[in-house]
Structure formats: C-alpha cells, structure tokens
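One structure below.
Which chain is which? They are A, B, C, D and E, in the order written, and residues in each are numbered from 1.
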Amino acid sequence: MAHFPIAGLIVFPLLGALVSLALSKRWRTVMSFILITALLLNNVSLLFQFYGQGTFNEAMGNWSAPLGIELRVDGLALIFSLMSALVASVCALYACVYLSATQLKLFWPFFWFLWAALNSIWLSSDLFNLYVGLELLSLAAVGLVALSRDATSLAAALRYLFAALLGSIGYLLGVALLYATYGTLSLPELSQHFSLTLSSAVALGFMCIGLLMKTAVFPMHSWLPPAHGGALTPVSALLSALVIKASFYIVLRLWTELSLEIASASAGMLMGILGSAAILWGGWMALNQTHLKLVIAYSTLAQVGYFMLIFPLLSPVDAHASHLAFQGGVLMLLAHALAKAGMFLAAGNLLFCSGQKDLKSLAGLSRYRPLNIFAFGLAGVSIMGLPPSGGFNGKWLLIQSAMLQSQWVWVAVIIMGSLLSAAYIFRVFSYTYREVEGGDSFKQPAAVLEWTALSLSVLSILLGLASMLVLDLLPISAVVAQ
Amino acid sequence: MSFFGLLPLWVLMTSFLAAIVIFMLPEERHGLRSTLNLVAAVVKIGLIILLIRLVAQQETPEVSLEILPGLSLVLRADALAMLFAGLSSILWLCTTLYAIGYLENSPNRSRFFGYFSLCVASTMGISLAGNLFTFLIFYELLTLSTYPLVVHRGTPQSLKAGRTYLAYTLSGGVVLLVGVALFYAFVGDLAFGQTSQMAEFTETSPIASAIIFLLLIGGMAVKAALFPFHGWLPTAMVAPAPVSALLHAVAVVKAGAFGIIRVIYDVFGIELAWQQGYVLPLSLLASFTILYGSWRALQQTDIKKRLAFSTVSQVSYIVLGVTLLGPIGTVGGLVHLLHQGLMKVTLFFCAGNYAETLGIHKIHELNGTGRRMPMTSAAFTLGALGMIGIPPVAGFISKWYLGTGALAAGMDWVIWVLIGSSLLNAAYFLPVLYRIWFLPQQGQWPHEAFTQWRDTAPLLLIPALITAALSVAAGLFAGSDLSPLSWARLIVIREYQP
Amino acid sequence: MSSYLIFAYGGVGLCGIGVFGFILHSHLLRRLIAFNLLGSGTFLILVGLSQSGRGQPDYIPQALVLTGIVVAVAATALALVLIRRWAALTKHATLPEDQGPS
Amino acid sequence: MNELIDLTLICILLGLATLSLFTQSLFRSVMFFILLGLILSLVWIRLDAPDIALAEAAIGAGITGILLLDALAHLRATSNTPPQLLQLKQPRFWLALLSGTGVILALGLAVSEPLSPVVALDLKVSENLAESGVTHPITAILLNFRSYDTLLEVAVLVLAALVALTLRQSDEHPVANEFLPNQLLHACLKLFFPMIFLVSMYLLWAGSTQPGGAFQAGAVLASAFVLFYLVGLKTQLAQNEHYLKRGWIFGLAIFVLVGAVPLLQGQPFLTYPDAHAGVLILLIELGLTLSIGWILFSLFLLSQSASTFQKKDTP
Amino acid sequence: MTFFQFWLFITPCLPLILLLAFLHPASRAMIPYLAILAPLPALLLSFMPSQSLELPSLFLGSLWGTDLTHKVFLRFTSLLWIFSACFGLGYLKSDQNANRFWLLWLMTLAGNLGLLISQDIISFYTFFALMTFSAYGLVIHTRQDNALFAGRIYLVMAVLGEMLILGGLFLTSAASAHSTLIFAELKTHLPQAENLWVPLTCLFLGFGVKAGLPFLHMWLPLAHPVAPTPASAVLSGAMIKAGLFAWLSILPFGMIALPTMGLIMILIGLLAAFVAGGIGLLQTLPKAVLAYSSISQMGLITCALGAVFIAPDIWSVLLPTLLLFAFHHAIAKGALFLSVGLKDRYQGVSLLMIEIGILVPALSLIGVFNSGIQAKLALKHVLDQDALPIWLLPSITASALATTLLMFRFLSLLWKEKSPTPSALPLSMNLGWGGLVVICGLGPSLLIPELDLPSVLSQWRHYPSLLLVPGLTLVALYFVGSYLRFQIPTGDIIYPLIKIKEACATRIDRLTSRNALRVEGQETKPGFSLPTLIALNQAERTIQSYLSAFFGLLTLVLIVSLYALR
C-alpha cells in the first residue's frame, strides 16, 4: 500500500466533495468527519513514510515525468500538507457549528475541493498541474467568499475572482514560455536544464507576478481585505491561513528549485522591497481599520510581507544564513496559518457575541468571554512575533539570517513591522477591555466555537516550542544550491 | 529525567498550569479558584525550597529544549536564579492572598487571576532562564501577561496607561530582541556564565560588542525604569493595588533589573564590562535615576504615584549595585533586589488597604489613619522606614552594602548619591508617616468600608503584615544563613570565583 | 517564419490587447471578455511557440490548451453568475470602487 | 501563401479582439467576441490542432457565447456607460497602456528568442501511445498520461456549477421556466434532440482515434440541453437539486473510482490495467461527457436564476 | 550562652518585649509601671563584669558587649530612665494620650539601651535610629503648634545626622577594607584611611547633631522644652549623651594626633560653651534655658575631645574624666528638667524642700557642689598640658560664667513662673525627682567606683578658684541684670535658615511662573507651587521625548553604520 498515503491526499478530499454533493444532510456531515479523520491519519502515515524513505516521488497513473505527472513528497510539501490538514479540520469543525444548515450544505463541497486543490498544489511537481490546482483553488475560494451571498461579499468575490484569473493567466503564460523553451513541464527536470535566458526570465517574471497577485503582495493586494474581511468566519480563516499560502508556495518552490538566488540578486532585492512595503503598509492600514475582521485581513497583508523577505535573504554566498532564512520563512508561514486561522475564528466568535462588525462593539467582551479573548491574544502573540510562538521563531531566524548577511535593512523592517503589529493587535485588545454601560447584552457562542479557536491559537504558540519538529523536515540541501 | 532534574520545569509549571486551569474555570467558581491559586503558590514555595537546597549543594538542575537550530530554551536553577525565584514565589503567595481579599465582589476575577498566574509564570521563567534567548522569551511573555492586568479596570485612564505601558515595554522588547539576535548571530548560543567567548569576541570586534551591550541594557532599562524610560511606571498606577504591588515589587521592574544583572555578570562578565568602560555610564545613569526618582516622588500628591516614583529610584539601586566592580557592591545590588521587593510590596499593599478601606488616594487624606488602621499603618511605616534605609528594616542592609561596595570599587561619589537619595526618601516618606500617626483625622473618610473590622479585612491585612515582618526579618537577621543576604553572598562568591 | 510562430506573435498581440482592456475597463462584462482574449492569446502562444520550436504538431500543449479552455469556460461561467447576481442586487455592472463619485 | 493566410487571420483576430473590447455597444462587443471565437477555431486548424478547433467552436464560441448573450439580456437594466477609449487624464488609462505594451514587448522579446527545447516530450508521447489504450495522442494525454490534470479540471467545472448553485436566489423560489411560445420550434427540437445527442456520442466515440472527445461531446450535449430547455421540455428535472448535483458529479465519481481502484492493487493512483485501458478510458469519457454537458447546461440554467431577483423587484 | 550574656541580650530587648503589653487592654494599664522596671536590667548590667555576646545572625553579624565606658553610660542612663519614668507616672496620669507616650517611651528606651551595648556599627546604628525616630513621637506628644514645629526641625536634623553618620560609617568601613564592623577594630583601622578628615568630619558632625554641636543644635532648644517633662529629662540627660558615646566609640581618640582638627573642635566647643550660654540667658522658658545649658556643657566636652586630638597621650586619663563629666551632667540635668515639672505641683510639699532640692543639681552643674566639683577639677587637671593652647584652661574656667548665668536665669524663671494655684504633687513624681536629686547629691565615687576617682575632700583647696567665676558672675548680674530685656527666640539660627529656604523657594517659583495661579484645596503643598510643577513636568516630558528620539536615532544610525561597515 505504498501508494496509498500520497494518493489519499487527493482521493479523500475528492471523495469528500462527491459525498457532500450526493448524500443527505446527516450522512453528509458524518461522512465528512470520517473523511477528515481519514485525511488526518493519512497525513500522519505519510509523515511516517517520509521518515522511512525520505523524499520520494509518485508517478500518477504510473507515467513518470516528464510524460506523466509526478507528485513529490518532501519536507516542505509535507509541512504544508500537515498544516492544511490541521487548519482545515479545525475550521471544518468550527463551520459545522457556526454556519446555518443552508450555508453548511454548500460549504462542504467547496471545502473539500479547496482541500483537494491545496493538497494537489503542495504535492505537485508539474508546472501545468500546478496551474490547474491553482484554478481549482481560486474557484473554490471565490465560491466560499460568495457563500454569504450579500452584496459586499459578492463584490469581494468578483474582485477576488478577477485578480485570481489574471494571476492564473500570468502563471500560464510563464508556463507556456517555459514549455516552449525547455520542452518539459516537470519541475525537477526543468531545474536540471534551467538557465536564465531572456525568455525564461520573462516567463518567471510573468509567473511571479501572477502568483504574487494571488498571494496579495503589496501593490496587488487590494482584493484581499474585502474578500477575507467580508467572508464568513470559517471561510476567512481558511482563506487567510491556507489559500494565499498556495500561490506563495509555488513561488518559493520555483525560487528554490530553479536556484534563482544564484541567478539574480536584484530580483530578490525587489521581492524584499515589495515585502517591506507590504509589512509597513499592511500594518499601518490594520492600525486604522474600524472593523475587526478588516484589521485581521490587513494583518494578513503585512504578514505576507514577512514571507517575501525570504527571497533577498537566500544568497548563494552564505549557505548557512540562507538556510536560516528559508527555515524562518517556512516557520512564519506555518505560524501564520495557525495563528491567523485561530485569530479569525476567535474574532468570529467575538463578532457573533456582539452582533456587529465594529471594533467599538467589542467593549466589555473581555469580561464576558475571557477564554475567547485569550484565544485571540495567543494568536496575536504569534502574529506580533512575540515569544514564545512560531511567529517569533520564524522572525528570529529571519533576523539572524539578515544579521549574518549584514542586511540590516530587513532587520529594521521586521522590527518596525512587529511594533506595528503589536500596535494593532493591542488596539483590538484595548477595545475589548473597555467597560461601557449596558455592555452585557451579548449572545453566547457555542463552546465548540471557542475551543476550536483556542486550539489553533495554542498550536501556534506550541509551534514556538516545537519548531525543531518542523525544521527537522527541512534538510539544508533542500534550500541551498550546491 | 528525574524529578529533581526537572524541578525548574515544575517550578515554572505550577503557576502556568494554575493559570490555564483558572482560565478554564467559570467566573463564579471563586472558592475553587482561590483554593487552586493558593495551593499552587504553596506548592511552588515548596518546590523552590527543594530547589534552593539543591543549588546550595553546588548542583544546577537544568532543563533544556532545542526549539530552533542552535537555539535552546534552557531553564537552569543557579544561585542567582533562585534569588529572584524565591522572591517571586513568596510574594506570589502574599499577593494572591491579598488579591483574593482585594477583589472580593468585583467582576472579572477569572481573567484577573489567570493573567496574574501567567505573570508569575513568566517571572519564574525570567529567573530560571539559562540563556539570553530564554530570558527574552519570558521577558516578552511578561509584557503580554501584565498588559491585561494594567488595563484590568477598563476605564479610559487605565486603557491609556496600558497603551503607554505597551509602547514603552514593547519598544524595549524590540531593542532587546535586536540585541539578543545580534548576540546569537555573532557570538553564539551561550549559556549564562560563559563569558570567555564574549571576551574573545569583544577583543576582535569591540564596536559590535559595545552595540550589543547597549542594546541589551537599553532593552532591559525600559522595564527597570531607568531614567529616560521610566515614564510608564507612574502611569501604570491606575491598575488595581495587587497589580501595582506585583509590577513594582516582583514582576516587571525587577525583571528589568534582573536582566541587567544577567547581562553584566553572566553575558559580559563584570571585569570585561568594566575594562571596556561599559559600566560606568550605566552607574552614572542609575545614580541620576536614583536622585531624579526621589526628587519626582517628592512632588507627588497621590500615594501610589509617590510610591511609583520611589520605585523608579529604588530599582536603580539594584542597577547601581551591580555596576560596582567588586563583590560587596554586587551583594548590595542583589540583596536589594529582594529587599526592595519585600518593602515595596508592603507599601503597595498598605496603599491598597487605605484605598479600599477608607477610600484614601491622596496623601493629604491620610491624616489620622494610624488610629483607624493601626496595623496597616504600622506595616506601612516599616516599609517606608526601610525605603529610607533606617535599620533594622532590610533597606538599610542593602544600602550599607551599596555604600561600602562603592567605596571598595573606588567610586566614592556613590555614597553621596546614596545619602542624597536617603535624604530625599526621608523627605517624601516621613511627612506621610507624620500624617498617619500624628495628625488627627479630618472630617469623614472619603469612602469607608469594612467597618466590621478594627483595621481592615483580614485578607488585606495579613499579607501586608507578613511582608512587613519579612522585610524586618530580612534586615534583622541578615547575618543568618537563611537570609537573603547570605544567599546573595553565596551568589557573589560563585560569581567571582568560578 | 513558420506559421506557428506567426500565431504565437498573434497570441502576443491578443495578450497585450487583453491586458490593456482588462485594466482599462471597469464594466465587468468587458473585463470578462478581456480575460477571455488574454486566455486565448496565452493558448495561442503555448501551442504556437512550442510547435514552432519543433516544427511539427506537438500534442502535449494541445492537450494542455484543451484543459485550459475548459477551465477558462468554467471560470467565465462562474464570473458571469457572479456578475449577474451582483447586477441584480445593486443595479450596477461595475465594482463599487469603479462607480465614480455618484 | 500560407503565411499570407496566417497573417490575414491574425489581422482579423486582432481586429476582432480590438472591436470586441472597444465598441460602444456591449451587445456588439459580445457578438464580436463570438465571431472571434469562430475565427480562432480556424486559427487552431491552421495550427494543426483540430481538437482545439472543435473545442473552441463548441465551448469557446458556443457555450461562452450563449452565456454571455444570456447575461447581456439581464444586464440591460444596469447603468451602462459606454467606455471612453482615450481617458488621457485617468491614471488607469496610462497604467493599462503601459501594461499592455509592456506585456507585448516582454512576450514579443521572449517569443522571438530562438528555441531549442532540450526535452523531446512529443517523442515520448508517440513512444508510449501504444500502451495508452487509445490511438489518438491527445486523448491519450488527456485521459492517460496527464489524466490527473483532467481529473482536477473536471473538479473545476463542478465547482463553477456549485458557485452558480450557491448564488441561486434561494431554495424556495424555483427557476421560472420562460420557454419560447413557438410550437414549430418545439416540434423541430423534438426531432433535433436525438440527432444532436447522436453527434455528441459520435464525437465521444471518435475521440479515441481521431479529433474529438469528452469535452467537445459534452459541449454539444450541453447545447442540446439548452435548446431543450428553451422550448420548456422536462425542465423540472433541472429544478431538482439532487438531480442537478448528481448529474454534475457523475463523471467525476466514475473518474475517481476508476482511478482509485488500482490503489487497492498496489498501483499508483489513476493507473489503468494495460488490458482494459481503452475500455476504462471510454467509460470515463462517457461519464465525463454526460457530466460536462449537464454542468454546462446547469451553468446556463443557474446563471439565469442568479438574476431572477431583479426581475421580481423591478416594477 | 552564659547568664551574663543572656542578661546582656535581654537588656535592650526587654522594653520591646514589654510592648506586647499593649495588645491587651488589661495589661495596658500596667504599662507605666512596666516602663519603670524596663531599664532595671540595664542598671544591673552596669554592675556586672564586662562581657560580650556574639550574634552572628543578627544584621551583618553583631557583637554586643560592655566595657567600662559602656557600663558608666548604662548606669546613668538607666538611672535617668527609671526615675524619669517614675516621674512620668504621675505627670501623665491625667493625659489622654498617655498610652501613646509610653509606647514611644519604651521604644526610645530600647534604642538608647541598645546602642549603649552595641559593639558593632550596624547594631549601633540601628538602635540609634530607633531611639532617634521614636523620640520624635515624644517630642511632639502634645501636638501643639510649637511641638509640631520643634518636631519637624528635630526630624530634619535627625535625618541629616543619620545620613552624615551613614556616610561616615561607609568611609570608616572602607578604611578597614570592609573586613570588620566592630568599633574597637574599626578604630584601629581608621587612622589609615585616605582623606581621614572626611569620615571623621562626617561622624563628628553626624553624632554632633545629637550632641548639640553649634549650628547643628537648633532642634535641641526647640524640642526639649516642648516635650513632656520626663521626656525632656531623658532627651537632655541620656540621649544627648548618645552622641558623646558614639564619638567615644568610633573616633580614634588617643591613637592619632590631628592638631588642626583638634583645634577646630576646641574652638567649636568653646563657642558652644559661651554663645549657648549667652543665648540661653535671653530665653523665657525654663526648659529652653536648660537646653542651652546642655549645649554649653556638651561644648565643654567637645573642647576636651578636641584636646585629645592635639595631645593624644592624655586619653587614658581623660576618658574617666569625661565619663565622670557625662555622668554628672546627665543626672544633674535630668534632675533639673524634672524640677521644671514641679513648678505647678508643689502643693503638699514644702517649697523650701523643693528649692533646696533644685539647688543641688544646679550648684553641681555650676561646678561648686559635689560631683560638679570633681568633674570640673578633673577636667582642668587633665587639660593642664603644655601641648595644648594656653588659653584653653582659662576659657574652661571662664565657661563657668555661662553656666552660672544660665542656672541663675533658670532659677529665677522657675520662681517667676511658679503656678499660683499649684496642684498636688503625686508621690511618683516626688519619688522620681527626689531620686535624681539624691543621686546627684551622692558622690560619684559611690556610684561609679570603677573610675577610681580621687576623693572630693582632697580637692577642697581648689574650691575658692571654682567659686571665683560664679561668684563674680553673680555680682555682675546683680548690677546689670535688670538691663537684660531683649530676647532671642528659641532655636536661634533656625529662623534665618527657614527664611532663606522660603526665599529660595519663592525665587524659583517666580522664575518659573509668570502669573502665579493658586490651586485651592491642594493640601499637601509640595516644595514648589503648581506652575513650577507643571513647568517641571513639561520639561521632563520634553527631555524624555528628545531622549527617546535621540536613542531611536542612535539605534537607526547604529544599524545603518553596521550596514555600511560590514
């Protein structure tokens, strides 16, 4: 059954989608949770398989690359797969309680398709397959955004859809050029023959622009806050935590596989500048929002900026520092996924309590829902990058890497970003601590909602203590070109 | 690992687990929560005693966990750690008792006690931290866990105070972070006490070393409320009395001071720091803060504000002590860490008692309280006398060591600072005592409560008496083997004779 | 110049026009058309360019384009549904930020 | 000569593209777009890609056209200011111009670079064609070599339909069936439908050896469904959500099941047993055809219901 | 621990233990009686052999013990406390706040006794502080304005003194390289200190506050009169001697010659002896007169100590003389103070008896009776050295002038102010006062046999010379006495000092505020007016912001420079 775990990552979500479309309400839920459990187990067994045999490839349909499509299981893919499994299952549990029956009916298939798309992206090592995966992901995400069916979310969905489509087309253009130049779609094979000619540079440029647009990197970010801020809570969590990571993951994959850090230092610098701008702009905007979920959405924007700082820090000169940066970036991604999901869920609960979106309506909630505020706070700790948390560890590694390479600008940016994030998170906090007259008329969310939010937040903190478990999966050779 | 080997972890966990459980408890379970809190505090003291005995036998139990490549979370119980941990554990018990009494019938107790325990857990972490990184982690955690306590009341002032507090401490934290990161990037993952590599590094790149020192100390100085960074402390006074007590006596300012001790002694080494000329500016700054804080305290009309500025001044004693080259000054600084904690906590308890029992917040309202609340006033008097440095209260012992230490280090000017500050201390504390004891009551108390008690509610009174008694005992029996002073000597002996 | 390459250049032109239109227009339907043009241009480049490199039909890109067309039509249909729903709700065929000050 | 035809085609293509984007009337621009789709299928033929040509005609021009026109009818009520081409004072215009020319320049440069692909993937296709179970290379690629792509692509289609279902007004208001009141058309379509169905099946069958296949067949089938709907026959089938959904997932389910069975035998996902490859591919294609037809039709159907709200509200 | 050591231990602790009696209302009534008993162990201790007790746990390791000096001091101190307490028993019978008084009394007593048995600086300092601060409560016992004022001055001076002492102790300890805290050992190390004059001056002035050195004496004439009479007695008799005791304990007398220092001390002493006499003469309160007399007498002692620094070898002879002098002055001054309490309460006792009784200490103080003769003669004898300035001896002789005038003034005031409607003199007061008078009348060789004093009778030949100055003075007084009309307020130089302070404060206020706004109801007025405070706050904030900006910039510059330097 050696082929099972890896295929399971694709088959189970698709089965889930089928089941949720075909079955009646009760069986839909039951089967969904059975499949979620199966997927979690599947991930674990894949992890053990990875421990056993290291990085391995799986040819779909027994057609090996470049003719067929190969899936690849390496540390990075595994980390992301585990991450999505964790976040998605918790979000599913949350959604199951949070959403109304009609919404839930539609949520399940979207959710499963989303998961399938994510897994296919994590595992794929084929450029075109990545494109299809991206499309699947985008459409599922758009569907989820539109799930609340009001005008705002429709506008958000449309914006998102167009951005995503444009991004996909950019990516596809790049794939077209690369295929024409090298005659292959398989990423490992491509990396063997790759050289930075004009056409491949243009191709990579298009791909990167497209993917960064989907990731909502600074100047191309305007679709993100309304989409993430306006969606239903579990959806926001999924989108912010997982969906934007997918396109970024591809950029990261391309960058490291094709060893772009050797090819062009200025590109890395450009990425870094975009990232810095995102950090500062996102932080600043988050500080000035009046709606809770928009604060969190803008915070995602800023966090994406941190991920971008990996690129200038990957250098061919200093292997150790590059490795640190890569590890740091991955840790940041992971921590952000957990923390942001936790934060969105907690925020959703808060908004549920007060029934309004305004920050002002949070007054008195920290008395009413201390556990929930605690969950929000823990997630905030990771987002701010305060120790002990995954976010801190990631930031630490990035700073270390920047220091070792004497790239002080990034250190300054990271620090300013942390201060900004602290400012906006604590701003939210101070609203919850406000005591007002009549601040007792709150709805009470179900216990599951609070516990799910808390569990993710706690995980993001625990990640700070167990980072080595994650980082051990990333051997130094995976990053640095020999 | 054996039970004893894991002791540092258990010490940390007692309050951490307590915090977790308290967060889980529903708001109404007051009895259970209080019991839990107290049991945890007592257990912690027990564990600390075990640990102290181990440490006294030249053992250093250590727990470490690698959380990033080349970066470990280390909890290590060395002698210095136990000084601070001991203080925190004792004061945790007292403050918990006090807080239970203080917050009776007030809302949000679950939240309060949860963060309270968390705060203590972080303090424990700070004290047991075995390297700079671990220290940093708990240092930041402390900031986080104290913020909810500062803004606990939720009034606009407290929110504003919380903002100020955060602005200061987070900026300080960031400076510290950069310092620590630089340290790890260029010097390496070193446990506290491994100063030889730092010396080598300083030889090769003195500028970088100076920058690291500056950043580390700068980061700590914010929490230690050294002069230009002291602004948060008086503003944070809006917090409830137990919080103020905790902030001032145990948690925050002490964490900063403790950090400075660690940096000077266990990261750089005092000899190196002196050779490089890092320390003298610091002691000048500390001296200035001492005088400045006292001077400002003199002008306050609010009891807690006066106490706050007094803290600004007193914590710098610690810094001043550890910057003195030579064992005696170090003993003074270290022991003042503990003594100041005991005395300041007493003062804050009493201030809280006045506020709770009689509604007194301003100094001029204190007239005649000695008659109404003799026990509280007695405790307050002891604390204040200790602050001035009048024997036999503990403050004198530390002042004595500081003065002689300064002379031993050849820094004669320090004793004039000490004397000047003592004069100022007397100038701002003695009038208060005078009002308490010797002036008749003026009209009605602003807001009288607890009329069924002669003094005030026992839960409020007893902790204040305990800490007052402890601070007298620490001074009176300073020569005994169990005193803080002996422990500080032990630390210094180990520090200077590795 | 082989005819494959000519069509690749044609694809380049379509892409340029598509991008221009996509950014310029605020009407959602026109944007959608622009997107479709962009897609068609991309497909032309994909097939034309890779075939011009080999000088003979290459089935791989053709298969890819088939997949791409289906994906594009799915996306188009989805976008249309969204646009129609949006129009039904707001009486606008443009996004709020493009509706001008009125 | 051939080049001349090609250049002409390109010119027409670009002209139509420009027109479809920049004509004042929205209706015209949609018409131009459909026209462009037809020209494009000619271009595909010139590019030796009859499969794509078929697909482009059926899907790109056909289905997309129908959807666009249908949408257009409903968008009439919206405020529709004709676009101004030269908005010289708008930064947006300059951004668009800059991006457009930038894209053309960059792509043009990239395309003009001489190519020498190192990997001869096309040779591998022909080498392995015999083992694929079909003789038409494109079908082999789509349903065997890169069947994983296709699987996900079908999922994309299902998703699109699902979004449409999400945005349907609500479950309580079924779609109003506004068929054309033309008895003659009605009768004709009754005749036409089996024929169209037959064409579709033919395309499917032919797919294994020559141009054609599930997508094209599905598109044709969808057009049959649309016509069917327009005359108001059996549309209550489409009203039932269960039928709708089960129809969509039919193909995907077959695909997944067929793909997953080898897993139990210790083979990778989507491996076909050598002996039965052809049959299995046909089976999958059949499922896909039906589903794709049904999905495309549902998209048409549901996108109508997405704007019913407006009709009821407008006086 | 031997019995004697235990006794030593119990001596200072007993008063503190007796404080427990306050816990219960029943035992509270017993307090005054207990207060009489409290110094008894000390009295007994003073007759026990010298001994020492090490208490390593206490403070920084304490050493308590007694030697000759300690025993003499203990003896007269305990006697004074016993009889004063006895006097107080009656004096405070009708006082509402008697409990408070006795509480502080016991604490002060503990401090006083404790410091007398301390052999190390820390416990000495502790007890010294205990005494000083508890005595504050005694001073302001009546809570009247003058008492509060006196209390404030007392406290300020005491704190100032404490700080000087602390500084001196630091330096002393430094001189011994921090190896010891024991007085005896410190003394031997002290001469090696660099800048010896700094610790010496600190200690001299610091303890001088208690001993009433000129310019540090202001509290003394203010505090002594306002305190309840028994408290005045112990303040002036016993506590003032604590300063002397401290000098004797820590200053390296007889070990080192410091002529300049010695000369200065002599001059200061003489200044005190004469000027205090002059000022005291112009007082209107009997107790104030006595207080100035104390200053004057302490001046003599200072003078003698200064002489030791000039001629160190006289120390061994001077010490017993000084002890005698202290003993004599304490008892006499105590008796005189208590007699002030009698001026309202002589009903039922023969006024004559009282007058005779009062004359005993008064004459003794002038140096024409009993112990006074011995003290004076011994002092003069010892100071009759070639090494000393020749004007020293005549000056000391002439100082009797001041004392005589003061005593005369005192007696006349007492006579003038005696209450026309006296109340009954309770037995206890009678006993207390009488006890002291009797002790005063007894020869010191009886009470302090250890000192090996020469018999009084052998000194008769000096008597005329002793009488000379007082006699002349009385004659002069008879002629010019009626011209003394103007007064100097008690506390003399404190008033100009307060003026100066106020002037400074207003000056600074004026500097900072253009239009002085006054805030009503701000009861605790800090040292400065509100506008000053506001200005200060603003200045602080400005400085703070500039500093943070500076540090921020610095950090940035650092980062940038690191970047550039790489």
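Please note the rule applied: a contact is a pair of C-beta atoms (placed from the backbone, for glycine too) under 8 Å apart; a residue touches a chain by one contact, two chains touch by 3 or more.
Since this is a predicted model, take the numbers as computed values, not measurements.
Engineer: When you check each chain against chain B and chain C, which touch both of them?
Structural biologist: A
Engineer: Kindly indicate the chain pair that has more C-beta pairs in contact than all others.
Structural biologist: Of all chain pairs, the one joined by the most C-beta contacts is C-D.
Engineer: Mind having a look at which chain is the central one, using mean CA positions?
Structural biologist: Going by the distance between chain centres and the overall C-alpha centre, it is B.
Engineer: In angstrom, rounded to a whole number, how far apart do the mean CA points of chain B and chain D lie?
Structural biologist: Chain B and chain D have C-alpha centres separated by 71 Å.
Engineer: In whole angstrom, what separates the CA-based centres of chain A and chain C?
Structural biologist: 27
Engineer: When the C-alpha atoms of chain A and chain B are each averaged to a single point, how far apart are the two points in Å?
Structural biologist: 41
Engineer: Taking each chain's centre as the mean position of its Cα atoms, how many Å separate chain C from chain E?
Structural biologist: Each chain reduced to its C-alpha mean, chain C and chain E end up 103 Å apart.
Engineer: Could you check chain E for residues that touch two or more other chains and list them?
Structural biologist: 562
Engineer: Show the residues in chain A shared as contacts by 2 or more other chains, in ascending order.
Structural biologist: Counting only residues that touch two or more other chains, chain A contributes 128, 132, 135, 139, 142-143, 146, 154, 173, 177, 180-181, 183, 185, 411.
Engineer: Residues touching two or more other chains, restricted to chain C: which are they?
Structural biologist: Residues 15, 22, 45, 49-50, 52-54, 60, 64, 67, 71, 74-75, 78, 82-83, 85, 89.
Engineer: If you look only at chain A, which of its residues touch chain B in the complex?
Structural biologist: 324, 327, 364, 366-367, 370-371, 373-374, 377, 381, 386-388, 392-393, 396-397, 399-400, 403-404, 411, 415, 418-419, 422, 426, 429-430, 433-435, 464-468, 471
Engineer: So in the complex, which bits of chain D are touching chain C?
Structural biologist: Listed in rising order, the residues are 2-3, 6-7, 9-10, 13-14, 17-18, 20-22, 26, 29-30, 33, 36, 40, 43-44, 46-49, 51-52, 55-56, 59-60, 63-64, 67-68, 71-72, 74-75, 77-80, 83, 87, 92-93, 95-97, 99-101, 103-104, 107-108, 111, 115-117, 120-122, 125, 137-138, 141-142, 146, 149-150, 153, 156-157, 159-161, 163-164, 167, 213, 215, 292, 296, 299, 302-303, 306-310.
Engineer: Would you tell me which residues of chain D are touching chain A in their complex?
Structural biologist: The contact residues of chain D facing chain A are 106-107, 109-111, 113, 115, 117-121, 124-125, 128, 144-149, 151-153, 155-156, 158-160, 162-163, 165-167, 171, 245-246, 248-249, 252-253, 256, 259-260, 263, 266-272.
Engineer: For a test of understanding, state which residues of chain B touch chain A in their complex under the given definition.
Structural biologist: On the chain B side, the touching residues are 23-24, 27, 65-69, 71, 73, 107-108, 110-111, 114, 136-138, 140-141, 143-144, 147-148, 151-155, 158-159, 162-163, 166, 170-171, 173-174, 177-178, 181-182, 184-186.
Engineer: Can you list the chain B residues touching chain E in their complex?
Structural biologist: Answer in residue numbers: 175, 178, 207-208, 211, 214-215, 218, 228-229, 231, 296, 298-301, 328, 362-364, 385, 388-392, 396-397, 399-400, 403-404, 406-408, 415-416, 418-419, 422-423, 426-427, 430-431, 434, 437-438, 440, 475-481, 483, 485.
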